[in-house]
Amino acid sequence: MSDRVAIVGVGTTPLRTLSPDQSYREMTFAAASRAYADAGVSHRDVDSFVSVCEDFHEGTSITDEYVPDQLGAVLRPVQTIAGDGLAGVATALMLIRSGIAAVVAVEAHAKTSNILRHDQVLEMGLDPVYERPLRLNPHYVAAMDMRRYLHDSGRSEAAVADVVVENRRRALHNPIAAYGAVLTPADVMASAPISDPLRELEVSPYADGAVVLVLAGEDAAAAAPRPVWIRGIGWISESSPLAMRDWGAAAYAALAADMAYRMADLSDPAREIAFAEVDDTYAYKQWQHIDAARLAPGGGASRVVVNPSGGSLGMGYCYDASALYRTAEAVRQIRGEAGRNQVPDATTGLVISWRGIPTQTGGALVLGDH
Amino acid sequence: MARGTPRVIDAPPRGLLRGRGLRDEEFRRKVSVTPWAPALEYGWDAGLAIGRFLDGLQDGRIFGVRCRQCGRIVTPPRAFCELDFKPMDEWVELSDTGTVNTFSICYVTWDMKPLKRPQIPAVIEIDGTSPRVGFLHLLGGVPGRTVEAIRAEISVGMPVRAVWKKPRDRTGAITDILHFAPSGRRR
Amino acid sequence: MNPDLHAGGARVWRGTMPVEFLYTAGAAGERFFDTLRRRDVFAVTRCEACNLTYLPPRLYCERCFDDLSATWHEVPPVGRVHTFTVVRIDGTGRPLQIPEIVAYVRIDGTDGGMVGRLLQVAPDDVSIDMPVRAVLAPRRKRRGIIADLLGFARRR
Amino acid sequence: MTGKIRRRVAVVGAGMSMFVRRALETGRELSYYAAHQALESAGVRLADIGAVTMATAPDAFDGVHMKGEWLLDGAGGARKPYLRAYVGGGSGVFSIISGWTMVASGLFDLVLVVAEEKMSSCQPHPQGAFLTIFDHTIERPLGPNLLWIFSLEQQRYMQTYGIRNEDIALVSVKNKRNALDHPAAQVAANLTVADVLASDVVAWPVHRLMVSPISDGAAAIVLASETVARRLTDHPVWVQGVGWALDTSYWGNRDLSYPRYVEVAARMAYEMAGVTEPRKQIHLAEPYDPFAYKELHHLEGLQLADKGKAPEDLAAGRFDRTGELPVCPSGGLMGVGNPIAAAGLMKLCELFWQLRGEAGARQVAGNPERGVAQAWGDLMQIGTVAVLGVH
């Protein structure tokens, strides 16, 4: 057993709008091969495997059936977390701390281009009796949350557009990002309205990809070339019905961040954290999550660098795999491997995740170089 | 046990036991029920290995792959050996004959409607692969409808041969093989 | 021996998940819809310990797990717009001919509310905190499902 | 096992809803019934619970995408760290493994474990959800159903060892009879082997009465760290060992006559529990029995019977509630019902009651000190095993 747990290997495939040359199995095999090589382990060195996936994203019921082969995990302890990517990381951390495993792989992949009706899938997440029969494009849930958030926080629609411009620009320098672009705030404001006040360019575009992380306890991590330590983790769910929720606020993210900060012993996150990869599935969510994670005390600009990777707006959105992609990007920052997007003195980083509409589930992960 | 009969049993779970079972009639007519019929549509990328497998089927051929490390020859093809975790890219054309590993005689459809003629699903070990390697398909060309009649014709270990669709009807699908039929060959 | 892979040769297999569903409203929902159908009011449950009134009603308090199955109350179907949107595209992304105004309405006397269409109002006339009342289907047409609630209209 | 287990974990409470064919209640309400009862029996409040783990099988049963999110308030997960750990039909027994991990890691002292399934929402028949468990490209076009894989596996098992269908039918008879003593049971009955074999052949060699029913229901347990468990009860039931293993998804490339995934999972759990001679050291078993032959198949994988010999042991009465190794004294899935994940956790509830000597009409004799529960699922692929004991 080990109290200290590190991420010792990351493997990603470049995010792409389409990926017809590879099956999900082949894509995941590529990511796993990279992660194991990065960690300096073989598939036989991994004690336990965690996949993160949901049936309707795959078009397969009991989709966890199809996990083991491409991870080299046949006849090994494999479980699936039907949840957020960071819930998968938390599961791996708990497996290691319990003493039942020393090295754990966490996997997620998304073939979003294979889902022909995203709206139908998202709609299936709404309460079937009270909410779904309205038959509306499900983005409306985010739009209503956005309106209430702008109303309560006083942040402007222009500030939301700035998020899009900045994240797409940073993605130009991220080799695995699918949506790097030079845009202006006027481009964003002029994009088609989806559901007021939400505009088309404020919604992260879908992408395909696979990501694998390798986690290890202290002894096993000592042998790894470049461990990045998990200093704190939190994950929280609030109930998903639209009726009793806290519209306009990301209480799940605030609670998850508090849990992670407690574990990491951070009292002033805005000063102690150098950069953050926060969920930006919808551009306004970036601000909401910055507020929830207390990165912008007083409600102004964030004091830490947010989404140097380009975020989901710039990299592409891949459902529950998004949080693991962002974790992989945070690991690269702390290792100093982020190229032109490298944040100076990136010794402590934060990841904030969200499961998308209609959920109120998110996670927080504090990573550090020691 | 008659439905709804209260049973007094001295065993756990003790205390208030809740959950009200509805009769079919109540469910369909008496209680509030909301219907939903989603359009859950997908276009799954076949990828390299299964893509080539489907190409082969369209061509009337069954392909497998061989692992350079462990030497196993398997089908359906895959781009990696799941045991050795190495790329598996040595392609092998297999024969379209095989052996019945196991079979069943199924009298219902996937949504539990009765079938007039039973389906005979089977795992077929394809000739030329490593032992006990095959895939799911159907057996056909067998007269009779009863379990007895069909079991008189089919047994585990029996040699079979693929019965293909006409070339022009093939689309690159597992159903390009209509079924496997007894080949009459003795092993 | 190796079949060639051509750029145009990538195969995609099309398919569906051919499932349909019938959902019961549940023990609490049954009472909610029956009450709405017969008496034009919302049935709610209340947790005294947590000072929370659940709408839609729940059999339990999610905070303290108290059993709320004997805590029924009724409230008039009136409230205020807590947030709203104007939906401009359909599920496939095509622009809607007539945009739909949808609101989450906090129902007075509860901690919950309902999502519903705003009726008989122009987008520019909607604002947060606007008072509204439920518009129900004619009694003989009600079926004991959420479609009995046609939406909300401005309350003066 | 790679090292020392950090800390011990105990079961301190258990609860269930009724198992029924078609429930009025929503899945959230069923979850609440079970979770509330488990908390009451443990004497703890929801506020004391540090985290919640939920087990529930495919979204296509309940008909809600990400259904773990939808169910969470009924499971007590609101505003808490919450997981939905998923291994298909193996999820019910895996749920205690997920909860064990949470407590053993030191992150949480009290964890609520809930399992729920509402299969009846799925139309026209819940079996429809099973069409989509098969490979979308190379299997689904053949129109497969769940009965195919069971009947193919049963046939391979029978063929390999020369087992007769009469021997397998006896599992249905035993379990449906055991379930007569279970207050939550859905399909308890007094039947004979002749009755089972006289029922329709749905997919030879499988007869209708060899198949567990479609069910709605929920089950729950409360797990505690050692310190907290000792404060709560004088009779904690310890999670002595856990194990799980997922075999290849290329199921046509495997020998179906023997569940090696169960063996690997069992060996992992036994090693952790210090069980070296399972047939002596395990006093009762709740193997997964969604189809009659599966109980026998799994007993062999669990090393509680020789390969191909479980049917003989069954016929000799060894697995009766009064036998040398009572098997499925609850009545199992064949008798109590099969709301998939909830059925697996029901088996752990049974071990909890049996090992505390509280099983009443179902109590097995001889003060059992250790039991094993096991579930199975996916494409005949996953084994999940938990060993519970009083020491």
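First chain written, first letter: the chains are A, B, C and D, and each begins at residue 1.
Assume a contact is a pair of C-beta atoms (placed from the backbone, for glycine too) under 8 Å apart; a residue touches a chain by one contact, two chains touch by 3 or more.
All of these numbers come straight from a predicted model, not from anything done at the bench.
Interface comparison, A-D versus C-D: the higher count of C-beta contacts falls to A-D.
Distance from the centre of subunit B peaks at C, each centre being the average of the chain's Cα atoms.
Distance between subunit A and subunit D, defined via averaged C-alpha coordinates, is recorded as 33 Å. Subunit D has its Cα centroid 36 Å from the Cα centroid of subunit C. A straight line joining the Cα centres of subunit B and subunit D is 25 Å long.
Chain geometry summary: the mean Cα position of subunit A and that of subunit C are 28 Å apart.
Shown for subunit D are the residues that touch two or more other chains, namely 23-26, 60, 63, 73, 78-79, 121, 124, 128-132, 136-137, 248, 250. Along subunit B, residues 20, 22, 27, 31-32, 34, 36, 38-46, 48, 50, 54, 78, 82, 173 each make contact with two or more other chains. Multi-chain contact residues of subunit C, defined as those touching 2 or more other chains: 5, 10, 12-13, 15, 17, 19-27, 29-30, 62, 145-146.
Arrangement of the chains shown, judged by which pairs touch: all-to-all, with no pair of chains left without contact. Contact residues on subunit A toward subunit B in their complex (touch as defined above): 19-27, 29, 32-33, 36, 42-43, 56, 59, 68-70, 72, 74, 111, 113-117, 120-121, 123-124, 128-129, 132-133.
Only residues 20-21, 56, 59, 61, 114, 117, 119-120, 123, 128-131, 133-140, 143-145, 147-148, 151, 192-198, 239, 241-244, 247-248 of subunit A touch subunit C when the two sit together in their complex.
On the side of subunit B, the complex with subunit C involves touching residues 20, 22, 27, 31-46, 48, 50-52, 54-56, 59, 63, 91-93, 172-173. Those residues of subunit B whose C-beta lies close enough to touch subunit A in the complex are 32, 34, 36, 38-50, 78-80, 82-83, 85. Partner subunit D is touched in their complex by these residues of subunit B: 1, 7, 9-24, 27, 31, 36, 42, 44, 46, 50, 53-54, 74, 76, 78, 82, 101-112, 119, 121-124, 132-138, 147, 151, 156, 173-175.
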